[in-house]
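Here come two complexes built around chain A, the first alongside chain B, the second alongside chain C.
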Partner chain A sequence: MSTIIVQAVVSGIVTGCIYALVALSLVIIFKTTDVVNFGGGEFVMVGSFLALFALVYLGVGYALALLLAAVAMFALGVTFDAVTMNRIGGRLYTRQTELVPTIVATIGLSYLLKGIVRVVPYTEEPRRIPPLFNAPPIFVGDVVIQAQDVVIVVATTLIMIGLWAFFRFTMAGRALRAISQNARAACLSGMPVRTLRMVVWGLSAGIAAVAGVLFAPKLLITPDSGTLVMFAFAAAIVGGFTSLPGCVVGGIVLGVTQNLVGVLIAPQAISVTPFFIIMVVLLLRPQGLFGDAIALKKV
Partner chain B sequence: MFGSPTLRQLAPLLALVLGALALQQLLPQYFLYVGNLLMMYVILVIGLDLLIGWSGQFAFAHIAFFGIGIYATTILGTRYDLPFLIAMPVAAMLAGAVGFLIAFPATRLRAVYLALATFAFAECAQWVARTWDSVTKGADGLQIPPTSILGYAVGNDQHAFPVVAIILALVLAATLYLQRSRFARSMSAIRESEHVASASGIDVKRVKILSFTLSAIYAGVAGGVYTLFNSFVNPDILGVAQLVLVLTMLVVGGSGSIAGCVLGAVLIGILPEVLRAAPRSMLVWQEFFYGLILVLAIMFMPRGFFGAWQAWRDRARHAADKRDAQASQDTRLRAKASTEASS
Partner chain C sequence: MKALATIAGRRAVAAALLGFATLLPLGAQAADPGITDNEITIGLFGPLSGPLIAYGIDPLNAAKMLYEDVNARGGIHGRKVKLVIEDDKCTPNDLVAVVKKLTTVDKVFILHGGSCTAAVAAAQEFVGREKMPMMMLNAAGDNAVFPPQRYIFGSFQGTQRTYASSLTEFAQKQLKAKRIAVIVHDDDYGRANLATARAVAESLGMQVVAAERIPPNITDVTAPMLNIRAAKPDVILSGAYPAPAVLIAQKYGEYGMTDIPLLQAAQGIPTPSVFAKNVGNDAVLKNFYHTWAFNDIGDPALKEKWSAMYKKANPGREPGPFMISGAPSALATIAALEKAGRNVTRESFVAAMESLDIKPEIMAGPIKFGPDRRDGLRHMLVIKYDGKTQKAMPGVYSWDGKSGM
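Moving on, here comes the complex of A and B:
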């Protein structure tokens, strides 16, 4: 029994890392533009399909496919912000972003992407991307760790560190932090707010694509894989919705909880776990584990 | 109350009922089905508009209340042999009661947190419908037997058509009265600014909870209407797709106005039927079209078709006023010139 639980915890951490990556892609957008991207899951799904097509049709290597998918998704994110969000949020420079139009637009985006993928041939059946390494699984006692699991954890850590460094040390990252605190003041002090927002959307889509490519070997990809976004929302909410480390902690908490629920309570309850967690956290501690007071005042 | 609805507003409702009675025999069964469906959507959309358009609370739980309405009406009818005229109001009240209960915690949340919490609630509701086998028969779904209203058997779309029209007319009339109430003004005040509203003596929390409850009751009524012309329900009806459909109707039609809701429900509700008539290869594009319509509508008509039409009408009226003013000025000048010339 204890082995099963340890195994559940280990694989929970791995799926939690994927949730964390997707949650990061949502949170960086929310922090800087006050937009909640309901199409985040479709970014993941489209990213993994793009990588799959690059692998199959272009015959490129794994690393190049990952890169191509990430770059293509970056472009998609930038385009969506430039074309749609810019127009809707005519007043995005001010504190108050109108909620309903932005949410409706991102829901529209999610249907749009899902619809496009569905009409592309070759997507009717669930697909799988081969894992990055075909190394044999590692045994720690009775617990099995797949090579892909190690890749996922390492990649998440690297992206996390990269994002932290980006927001800490680069000019663009610091400008983005300024924008998230006060967009109008940032604009007045000469920061190219509009461009930076496009960069954030691109970055978010790029991270989502990486998450999709990493995730695809573990689960099958279908046009409906975008529902993954709800797990990411749950992870982000546990972490406070504005905190980057919070996403990672929230993702892992969610992944582990989900697996333990599956083992200890009932497998049917797995699918409802994230929603239950969202409700409980929002009711009892809306600021999450790491959300700051400003974040609460902000909305 | 700020006056009562004008005759011009109430007359179409009478026309709706009379028209339904007249068309009941004329239209083919399929058109009657689409008509029933559209009228149900109008009730559903107006209920959602109470929250989103009127009081500015972005809540996603609407479809869960719709599901409660459907399941409760069916179960009350089959297990407890209650007639529809009792089962439907009880089901609507039940939906309202659940709405009332979740409103207490929900009104503490704002903006996007409210959206996410209610979204999670809707997903939980779907999960309950799927797993609570002893009551909802799980994913297999429930059969809805034909019902009868005061001896009038409602077995198919043709029978249901006038009944649905009457319910819709009553709901619309109630909404017209509601629109002129003090309560509606309080909701708009909260939408514009909660601080100002509470400073003006509006009990913000109470109004929010009431609007949640009312919106849930509308959804419950729509659920009861669903049972009149459908013979089957399963948990898929509580899904995100359904929610997005209703939201699309609201956005495309124009939130905040009854006419906009009706317009949106008809335009978007008829779309799947039109696509069904199109070749089969078009069917896979359905999701894409919904997405495209949503994005384009919110980009170019943020207040929906109705809002766009209003803006166009105002502009036209403004231009006409300007033209009139110009014209009268011209005649005045000409008159002045002619008097000067003659003197």
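Moving on, here comes the complex of A and C:
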């Protein structure tokens, strides 16, 4: 039984890291623009299909496919912000974010991307991207760890550290944090609010593409893969919607708990586990495990 | 005497008028909409757009091809088949809208369509109220045919009960299994599959050592596969849909379980080559089997014959793996129309369907209905697939119509 539990935990950590990567792409937008991106799952899905098409049709290598997908998604994120979010906010975009129109816009983005992908030939059936490393699995006793699993964990950790350093130490990151606190004051101080917000949307879409390429060998891609975003929301809520390390911890807690519930209780309970965890966290610690204390913002 | 004759004459005229008046509505009833002296109009529909398009286009083209073939041979009892084709997108709302339009606007004689069970089930109430016969194109799930609805006939490729029963019987007869593990979805189809597998296993003296019910949108099958591995089964039966079926096969390989045969219901492996590519390692498939309702895999000449027919009817289009699934419902419809005779009505068509018992060469078993039976096929073949080649296994496996109910 102990081997089964350890295997469930190891596999849960890997799945949790995938949730965490998607959650990171959501959190950096929320941190800096107060927008909850319901199209985040479709960023992941489109990114993985782009990489797949680059591999199949362009015949490029894995690294280049990953790069192309990330760059294309960065451009898509920037364009979405410029064409939609910027216009919805208008001059108000430098002030407090309007909640309802922005949410509706991101839901619209989700449907738009899904609809576009569905009419593309080759997307009718689940597809898979080959793993980054086709190395044999690692055995620790009876516990199996795939090479791709190691890549996912390492990539998630590096991306999380990179984002944390970006927000902590770079001028752009600090400016974005200032914008999240008070966009109008930041604008009056001469910060290029609109440009920085576009960059964040691009960055988020790029990270989503990386998540898509990493998860595609394990979870397969279909036009409906974006539903994964629900698990990412759960991970972000558990970790704290403003905390980058919190996302990773939240994702791992979620992935491991799902597997343990599947092994110890029943597999059919797996799908309700995230929502149960969300309820418990919201009841006991509404700001999440690592989130900032809830406070009113000055606008 | 003259008065008596007058009274008798008046009575005769009244009786004749009464008789005429009585016969008039009967005559009107006999002529159901959508049928004339030289034409029968059939509403043909399936998903021609949307995410499930692969289940619709080729099967619908195959059905159309068979109707055109009948027309080329002079039609059915002198009537040509006229088709009104619609796109139901495989969603309940769209399918119900299509069914209503075909019935009330196009006034077709019968309906023939539906590739998705949930969408077909949504039309049951309307079809029953309108007393409109409906042949499912290639939808095969249990919900549309259990409990039986008078006007709906379908499951020409077998239901979940047929899949589960056939695989369990195969496991016992060919693989000599005594302990089976079952993994299905936590929905109506999964429950039907599991209940039947349990019942058949019990009747054949086998034991279900693990029964894992997984959410259809599961992202990680580690837990159920670990539970199955721990149960040490002789075979694993899977009723999973395409994406989870791949995840199951991947984990099955990852956890070194490939010495245990993995038996997959057909719905999880729509295109075998894509399935193998997604699994990513053909070695994992060394002990892999799946159900199949048609004789084409075991008979390459038959496969080629149907493929050539399709390409001739649809120039420039290669038949997809689902093409053949549109054939049996069209063959059954044509057979029932022929059986019902020249004076066919919707009710006599239903009666002809209820007594239908045909065995097209392409099918694994007979297509048969009855007063309390609306699922057409209860026989199944089992195919061994190693990632490259498919081989039909000996025997035809079946469901007895009772197990798991």
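FYI, the second predicted complex is superposed on the first by the 287 of 299 C-alpha atoms of A that agree within 3 Å, B and C clash if a C-alpha of one lies under 4 Å from a C-alpha of the other, contacts with A are read in each partner's own complex, and residues count from 1 in each chain.
Simple rule for what comes next: a contact is a pair of C-beta atoms (placed from the backbone, for glycine too) under 8 Å apart; a residue touches a chain by one contact, two chains touch by 3 or more.
Predicted model, so just to flag it, every value in this text is computed and none were measured.
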{"item": "Partner chain(s) touched by A:S271 [first = chain B, second = chain C, both, neither]", "value": "both"}
{"item": "First, second, both or neither for A:V36, with chain B first and chain C second", "value": "first"}
{"item": "Partner chain(s) touched by A:I88 [first = chain B, second = chain C, both, neither]", "value": "first"}
{"item": "First (chain B), second (chain C), both or neither touched by A:R127", "value": "second"}
{"item": "Partner chain in contact with A:I4 - chain B first, chain C second, else both or neither", "value": "second"}
{"item": "Touched partner set for A:M279, first chain B, second chain C, both or neither", "value": "first"}
{"item": "Chain B versus chain C as contact partner of A:P245, first or second or both or neither", "value": "neither"}
{"item": "Touched partner set for A:F231, first chain B, second chain C, both or neither", "value": "second"}
{"item": "Chain B versus chain C as contact partner of A:A105, first or second or both or neither", "value": "first"}
{"item": "Overlap of the chain B and chain C footprints on chain A, listed as residue numbers", "value": "118-119, 268, 271"}
{"item": "Partner chain B, residues of chain A touching it in the complex", "value": "30, 36, 84, 87-88, 99-101, 103-105, 107-116, 118-119, 230, 233-234, 237, 241, 268, 271-272, 274-276, 278-279, 282-283, 286, 299"}
{"item": "Residues of chain B that touch chain A when the two form their complex", "value": "52, 58, 105, 108-113, 115-117, 119-121, 123-124, 127, 131, 244, 247, 251, 255, 284-295, 298-299, 302"}
{"item": "Sites on chain A touched by chain C in the complex", "value": "1, 4, 7-8, 11-12, 15, 18, 118-119, 124-128, 130-131, 137, 144, 146, 217-220, 222-224, 227-228, 231, 255, 258-263, 266-268, 270-271"}
{"item": "Partner chain A, residues of chain C touching it in the complex", "value": "49-54, 186, 212-215, 217-220, 222-224, 226-227, 229-230, 242-243, 246-247, 250, 254-256, 270-271, 274, 277-278, 280"}
